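Written out below as structure tokens is the structure these notes cover.
Labels run A, B, C and D following the written order; every chain starts at residue 1.
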């Protein structure tokens, strides 16, 4: 029983990260209908920014609340800028071109970032993994029995942040002018432009927001799994994308639910079956979900009007 | 020329030309290796183009089909390694077995293509894409878990029976098939599906059937490519068939121009040789300056440079090198100009 | 019963509780030229989609050439002899005019097993015959092989298809547009190309969804003549959805009027035109009041095309 | 538009022409360099031009195994610089050409092919991953080019042919070492095994360990796997925890071990952790922190080894690259040195002669111990078991084959 509870906690913790990264995927997909393959790599860059700030702060400052906030802030702003640049120079010129071309530039950006960061030419970090500083000093938040089940403070913090962000995003998308503009652009950006919506600005802002989210997710990820390296974005990005699709890509709560579900499914496969089939089951789960609900759990397939 | 011969003439010409090339090139093993890897990528790109370019379905799991073919053919070859067909010289017997394993690999992959093609009846666009991707990953995990496929180490010691001739004859076949499909009712039906599925269906095109068949043909050739690959590397392991490989093939197709067979060929050749060309370039640069040590450092830079080049190429030519045209379509007779994306 | 090429009896469909079409009856025989009218959202296009298999009816029965087609795929229904055009033109935009028609000109050759034999098997087992399926699949694969090997038979067939497509273009007056991409054609020609394409499938019944939408008066007049001519030349039964009353009244011998999914009138144009229910539904009370009229005008041109 | 097309086409052509030119005009010496199966022609000295000897190396400089390739390359570079500083070999300087294989066998085969047929190297060094080494060996063996793998531990690698060597011990031995250590020294009875599904090295060690340990009477209470690239091992560890093992054997690489150790402690697992030479890296302390302290792993050498050879290497490596060399670096260094030693001893620069000289390597004192190549071209040497301490490792035991 206790290990069931522990698996549940692990699954939620892993799912939280998937969910956070998936949120960024979903937002960008929402407005651009683009699978932003570079999203995971933007996340990676964010963690390295956070890492650099933490190094600058030194041991005594990085674990304070202000230190942690500064790390988050710098990483998020840095990634927002990076996201802006990527959108401006790699995606915007291709907006009215076939969607696949933007996908290819996304892949190009992804390669450039991940392999570029593997170079050991300063200031690039090189291929070796780095230990991410403990900017949240790990403390047991809840201990059951003789350490049979442990919940850590950072797990609680991550989950709260993920849910908080989801609610904020949901509010942003459905309650604000910006959100309305976003939805309009998502529906049809040409018509939106005719209605006086500054489409370029909305897309750029969405992109920056998504990238900042990725950076935040990246830092939380680094806090959870303590090591960062240039290829980390590839793997997490792929899983997060799967999570976003399970939830129904383009759908904010769907991304969170998809992320948590994927985390839990993976966790319980490992816990009660064989860990070697984990990835197969993750993708199998995805396929089954799509076969039952072709638009993902929360998405709806818009029937084509004939 | 009698009509019945018209279909066979290109095959005869190709056999003759390739046989001569084979004799000449035997002296340059590195060139042959490079040509083989280029050939495999051309087969992958041209076959994927049948699904992604012509039919407008978006598959990014081609490496999975390639893996199925590679493992099937590789495993069969290993099993048959010490067996020779009675009454034939060893060389001939080896080649017969090689062709047999290639076919088996292709058929196994085609079977998988059929299975993956089925969900395409229900799914569209990005959703189909992720399912094909998932399929590729599942294949990899299965291989990693099975002892008979050598798990992480993969299969090794596969006889190196592949040759320049074998690879490029398969290239020729896949191109021939792609071209002849385009020029037939079937090709037009595939284009129609890409353009408008509902209308195609209303005009009597069995869209589901065609989509599945496109998948089957495409994955058959991916399997053959995998089989060839297994016979000249000659090590295969799961690391060679990750989704990054699938992506590379998609990049070739898009770069060449969706739907353009010759575009896919040129893009595949270009993208395969690019890293090697960069290597040569950097070696030359290194030779000028700080000696070979710079070249060593610089070999690492190839991958990021490759990524940058992708971005730049797409920005310069978003419709791909040839759009949907073929090289010889000087006049914009068939679908030139910008395309609408996948839907 | 016999002789009806297309027959709908009590057909209805609901979308999540919304009754889009209810108890729809229709019968089309060879040589018929019928009209289907009604205000926006009356269910005309829904009726078309039901007849052609895009939607599966929740009630009633549809027969094409005597065969029940409920739940069949659109392409199967098309093979039985039912072809259509679309309200919002759905050409294969990037294909040339010729290729648009050639797509529809599927081969009539039967490489291994004759199609009629397969259909016969299907009919006997109510559409579920594995043998027929296997024969069909084999046919298809043999067909692919013929294309790949460029067999003489295949080459002849391709020539025949091209010849037929060119002929249809000529009938529709599009010969000079042969190699033009569909999306570059003017609106009226796109409409005509759609008809040519539909004819490529060798239909026995042709369903035209607002063929005159967006055309000017002259083009409309030409179209009226053309539709009649097509009916006679290809021995078709035709069903037209149209907003333009003049066109409908001018060419149709029998009209069905839909409103909110319900058939409110049907019969000869004269009778339908004077049916008060039709006048009310189609033009609205206010319209009548505003114009102080008892009878609908001859050509209500204020009608906006449906989206 | 047209110009972009032209650029693409010409660069394609360039790449091809570049290859052809090189292939058709090999250096004056190697007329037979093109032939796959041909031994160097009489009097031909491939890889030797004027006053330089050209060696080749293939490594994973990018991709998932980049860190291993890079430290190997660094160490080989270091070795060659030292040799050249000391006057080179037989009056000639050594030059090395390193190609990246992106951690993929087909790229490894391609790079090896290029080294053999285009660059005409004397011999080839590398790789770490066994599947990459095997892909290279498949090209080197038919061309009769000697190849020394520094760290491929799968037995199959050298079975490919008589030109393929290695300077490390093989999986069966290393697995046996830890099984013996767990049973005899730690005296634990219940062990869990956590292996990397995507690594042949990890699979090989884990297989042997499980077999040997069970033969010795121990019990394997849990078998779990992880995949290279993942960073969350909590699910596997929670499953392992259920079996309450005394020790966990994790034959993986240090970049995963640090995380696994931390997460194990986080979940309240107190079992001793054990591993193989893949653990050896300064990074382990950084990534694992206090969580890895007290764990044991088998290795090729101990940095504590007071012998000047070892200390000199460590100091030189540190000076050059700013970090303590990991075991892959040490093996890379030894591989290069064994090659140089063989070139010195060989009567000529003939590849066959070099091969024979390598095969006769006996009691060569390298950083990773005394290297003797047996008739299967594998190094037979003893392994050491190290304990992880605070920021350094402590020598515990030596286990002989």
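Quick notes on this one:
Heads up, the rule we're going with is that contacts are C-beta pairs under 8 Å (C-beta built on N, C-alpha and C of every residue); 3 or more make two chains touch, one makes a residue touch a chain.
Keep in mind it's a predicted model, so treat the numbers as computed, not measured.
Here B-C and B-D are compared, and the pair linked by more C-beta contacts is B-D. Comparing per-chain C-alpha centres with the mean over every protein C-alpha atom, the closest match is chain B.
Subunit C has its Cα centroid 41 Å from the Cα centroid of subunit B. Note: centroid distance subunit A to subunit C, computed from Cα atoms, is 49 Å. The distance from the centre of subunit C to the centre of subunit D, with each centre set as the mean of the Cα atoms, comes to 71 Å.
Each chain gets a centre from the mean of its Cα atoms; for subunit B and subunit D, those two points are 32 Å apart. Residue positions of subunit D with contacts to 2 or more other chains are 62, 64, 197.
Each of the following residues of subunit A touches two or more other chains: 115, 118, 120, 234, 276, 279, 306.
Within subunit B, the positions touching two or more other chains are listed as 144-145, 198, 300, 303, 339-340.
The touching residues of subunit A, when paired with subunit B in their complex, are 29, 35, 37, 90, 93-94, 96-105, 107-113, 115-116, 118-121, 234, 238, 241-242, 245, 249, 276-277, 279-280, 283-284, 286-287, 290-291, 294-296, 301, 304, 306.
Within the complex formed with subunit B, the subunit C residues making contact are 52, 54, 73-76, 78-79, 83-84, 86, 90-96, 99, 102-104, 106-107, 140, 143-144, 147-152, 154-155, 158, 161, 179, 181, 197-198, 200-201. Across the complex, subunit D is touched by residues 3, 6-7, 10-11, 13-14, 115, 118, 120, 126-131, 138, 147-148, 150, 152, 221, 224-227, 229, 231-232, 234-235, 266-267, 270-272, 274-276, 278-279 of subunit A.
Residues 1, 4-5, 8-9, 11-12, 14-16, 18-20, 23-24, 34-36, 61-62, 64, 73, 77, 95-100, 102-106, 109-110, 113-114, 116-118, 130-131, 134-135, 138-139, 142-143, 154, 156, 160, 196-200, 202-204 of subunit D are the ones that touch subunit B when the two sit in their complex. Residues of subunit B touching subunit D in their complex: 27-31, 33-34, 37, 144-145, 151-154, 156-157, 160, 229, 233-240, 266, 269-270, 273-274, 276-277, 279-280, 283, 291-293, 295-296, 299-300, 302-303, 313, 316-317, 321.
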